[in-house]
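Two complexes are shown next, each including subunit A; its partner changes from subunit B in the first to subunit C in the second.
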Partner chain A sequence: MGAAQLVELAVGGLAIGCIYSLIALGMTMIIRATGIVHFAQGEVMMVGSVLGLSALLLLHLPFLAVLLVGMAIAGIAAVAIELGIYRTLRMRGTPLANIIIATIGVSILLQNVVQLAWGSEPKSYPKLFATDHYTFGAAKLSPQLIWIIVLGVVVMLALQAFLRWTRTGIAMQAAAQDPEAAQLMGINLTRSTAITFLIGGVLAGAAGVLLGSMFFASFSMGFLPGIKAFVAATLGGLGSIGGAMVGGILFGLLETFGAVWISTAYKDAIGMVLLIVILLVFPQGLAGLVRRGR
Partner chain B sequence: MTPVLEIATVTRRFGGLVAIDEVTTAIAPGEIRGIIGPNGAGKTTLLNIMSGHMRPSSGRVLFAGRDITKARADKVAAMGVRRTFQNVRLFGEMTVLGNVLVGLHANGRAGIFAALLRTGRQRREEHSMIDTAMQALERVGLAAQANTIASSLAYGHRKVLEIARAIVAAPKVLLLDEPAAGLNASEAANLIGVIRRINAEGVTVAIVEHHMEVIMKVCSRITVLNYGKHLAEGTPAEVQGNAQVIEAYLGRGGVAERIMELKAAHA
Partner chain C sequence: MLELKHLQVAYRGVLALHDVSLIVHRGEIVTLIGTNGTGKTTTLKAISGLVRATQGKILLEGERIEALGPDQIVARGIAHVPEGRRVFPQLSVHENLTVGAHLVKDSKEIRRVLDEVFAMFPRLAERRRQLGETLSGGEQQMLALGRAMMSKPRLLMLDEPSLGLAPMVVEEVAKAVLALRKTGVTVLLVEQNATLALAMCDRGYVLEHGRVTLSDTGTALQRNPRVISSYLGGGVADDRVEVRTA
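Presenting the complex of A and B:
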């Protein structure tokens, strides 16, 4: 394999990895705040992608505006699901395991609703960039992939700044670490959890528009990336925000190179084998390894 | 004067167990109230009810004359009732400063959109919040550790960090659950100074504590609970001389009666 091909593959892997990171970040934040493993996160991403494309086709918006629309719609959808379903279940004292099963129900429900309203045919995003590719030496890089990496990294850095430096971000971290104590410090838990879902949805919506722009948008596009993001979050260390970022990017690279070096036919299987190996060998993930090393 | 905190015939049951049994007491503004009693007397339960963490089974809780019996804990905290915990409950992954900033949460005005858009008002608010948080750390003597991760602090420092987090929002009432437990003599002496300073700034304090030296030194009045019942109330001297209190602590017969006999002999 030539150096050019290696660079092209690495950029492709980084781009898909950024998308997994964005979905995994939402999952991680939700796990931290509520203990819920949100299996519908991939479908929240799908909603952002599908409705982002609708906005693009109906209103002829520029790409950045489509990205913002997809983020906003996915964020609102996630909050509506939290307040309407998960919060109601929590208030009734439903065990956590049952709520996690409910997230699978939400995942199937969202797929069916979108299939009915939007049709089963995958629809491709129109060509978004004028140039076909940038050339770096012998490597030809698609502008789309570069943009995905840039935007993905910007969104993730913004999230870090938000969590570390803003009043709401600090309150969310406190509520995730000890909800009762946080409430006794004056933090409204309902609001804090709703904002967690909002941000998780916004990140997934960004992932949806970026992923849709690479391939196409369809009602079923969220399922596999959702599962893979879960693997990425586990790889990073479930519940670790830095771990979800690194885990997603690492998983994207592993999957891309695995497909080339082993076989494209086993591309999806490679990820699932990885999940089982992680759970068997180091269930704490990368975050656990870092903690142990300290 | 309206009491700042009033407990009116409050009962709290856990299944068949009556943890608090028709307790009535009123804490006046500016007081340092001690709440003592043998293990299982219901002291922490009473503190939980005062802070809105737990609802009473019956009876009412009033804050400055306002009924807060059914108010949510975050609302009670925002009104100005703050607390610490018996088994220190800090946000361990955050810095010392971050923990104190959480205490200020209810005082902030800028909403989430202002936070995301980084408006000028938001930025000014953040700066003044950090100043306020640093002042609170200085008051308990932790300013030098502001950027340490909270879980790596020594135990005595963690206890006073909880106090800084509770006082940063300038509460009207500070509830302390066993602040002296596990502290050595010099840390306990420092704690007494901290509590007195906070009180001198106009904060009413209620302390649940087993450490009698701390209680007798700082409290203006003491409430004694026994088996969930209100047993006695008065100044430290009055409570120390109360026959029922001595009996509750030492048991009837033997030692307690010997002490009473000795006291009678001296009188």
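Presenting the complex of A and C:
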């Protein structure tokens, strides 16, 4: 394999990896705040992607506006699910394991609702980017992939800045670390958890529009990326924000190179094998390794 | 300032508090003593809204607060330093203190109170960038106290502030509480270390099996034979006598 092809593959892997990271980040934040493994996160992404595309087709918005619309819609959907379903279950004292199973129910429900309302046919995003390749040495790089990486990284950095430097962000971290003590500081847990879902949904919506622009949008597009993002979050160390970012990108690269070096037929299986290996060998993930190293 | 009237709390149908009535006047230090599992912590949690009262009233300046959520109660000027400090482990000292001021909107005011906290606990200022989990037990207690001060409370509730601390550190924490009282803060102190609590307080209540069984001034309680035998290290022999008479 030539250097040029290697660079092209790496860029492709980074782009899809950024998308996994965005989904995994939302999952991670939700796990930290509530303990819920949110298996419907891929479907939240799908809702952002599908309705983002509708907005694009109906209103002829520029790409950046479509991205914002997808983020907003997915964010609102996530908050509605939290307030309408998960919060109600928590208030009734439903065990956590049952709520996690409910997230699978939500995942199926969202797929079916979108299939009914939006149709079963995948619809492709119109060309959003210049089609001329950027050349980098001998490598030809698609502007679309570069944009996905740039936007993905910008969104992730914005999240870090929010969590680290704003009062709401710090309060959310406090609520995730010790909910009871956070309440004694005057933090309203219902609100703080809703904001967590909002942000998780917004990140997933960004992933949805970016992923849609690579391939197409459809009711079933969220399922596999959702599972893969869960693998990525586990790879990074479930519950670690930095781990989710690195885990997603690493997973995207592994999957891309695995498909080329092993077989494209096993592309999806590679991820699942990876999940089993992680859980068997180092269940704490990358974050666990780093912590042990310290 | 604060009044509990026949407060009753049940966890999943099991009574933790049967009947607790007490009064805390403005500017006082009032202590609640009793052995493990008698409902001291539950009483504080009911006041701060973490657990719901099944019966009875909680009045703050004459207004009923027992149905309010914890955030609304903090907003009304009650700060609760929970048992075991409960510092946010992955936040820095400075961030912990900022979270304490969650409901204070004026950033100038926050900076002013922050300076007060750092003046009272210079050690926290030195460690302001360190994560909460890296502090010693005593430093964590100071941080928990400072964090509670950040909400500018009228009433400060402390749950076992001396637990697990070295005697010298206990003294430092006690001094801080007394200094806070001088600034006009009312204190409700829960302690297993009754010697310390009774020495610090104006008045005290003895809690046994979810009921208030005795209340008096701190000095009177220190001389009360029952309190001496049960809570001030009166010896095993006396305990046996009490069991027989009971």
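Note that in this section the second predicted complex is superposed on the first by the 293 of 294 C-alpha atoms of A that agree within 3 Å, B and C clash if a C-alpha of one lies under 4 Å from a C-alpha of the other, contacts with A are read in each partner's own complex, and residues count from 1 in each chain.
Throughout what follows, a residue touches a chain if its C-beta (ideal position, glycine included) is under 8 Å from a C-beta of that chain, and two chains touch if they have at least 3 such contacts.
All values derive from a computational prediction rather than experimental measurement.
Subunit B and subunit C, once both complexes are superposed via subunit A, clash.
Once chain A of one complex is fitted onto chain A of the other, the partner contacts of A:S120 are absent, as it touches neither subunit B nor subunit C. Of the two partner chains placed around the shared chain by superposition, neither subunit B nor subunit C is touched by A:Q5. Comparing subunit B with subunit C, the partner in contact with more residues of subunit A is B. Contact with subunit B, but none with subunit C, is seen for A:I195 once the two complexes are overlaid on the shared chain. By the touch criterion defined above, A:T166 lies against subunit B but remains apart from subunit C after alignment on the C-alpha atoms of chain A.
In the superposed model, A:N98 lies in contact with neither subunit B nor subunit C.
Within the superposed three-chain model, A:T88 lies out of touch with both subunit B and subunit C [touch as defined at top]. Once the two complexes are laid over each other on the shared chain, residue contacts for A:S263 go to neither subunit B nor subunit C. Contact with both subunit B and subunit C is seen for A:Q177 once the two complexes are overlaid on the shared chain.
In the superposition on chain A, the residues of subunit A contacting both subunit B and subunit C are 167, 170-171, 173-174, 177-178, 180-188.
Contact residues of subunit C toward subunit A in the complex are 48-50, 69-71, 74-75, 79-80, 82, 86-91, 95-96, 98-100, 102-103, 147, 151. Against subunit C, the residues of subunit A that register as touching in their complex are 167, 170-171, 173-174, 177-178, 180-188. On subunit A, the positions that touch subunit B within their shared complex are 162, 165-171, 173-174, 177-178, 180-189, 195.
Only residues 51-53, 72-74, 77-78, 82-83, 85, 89-94, 98-99, 101-108, 110-112, 115-116, 122, 125-126, 129, 165, 169 of subunit B touch subunit A when the two sit together in their complex.
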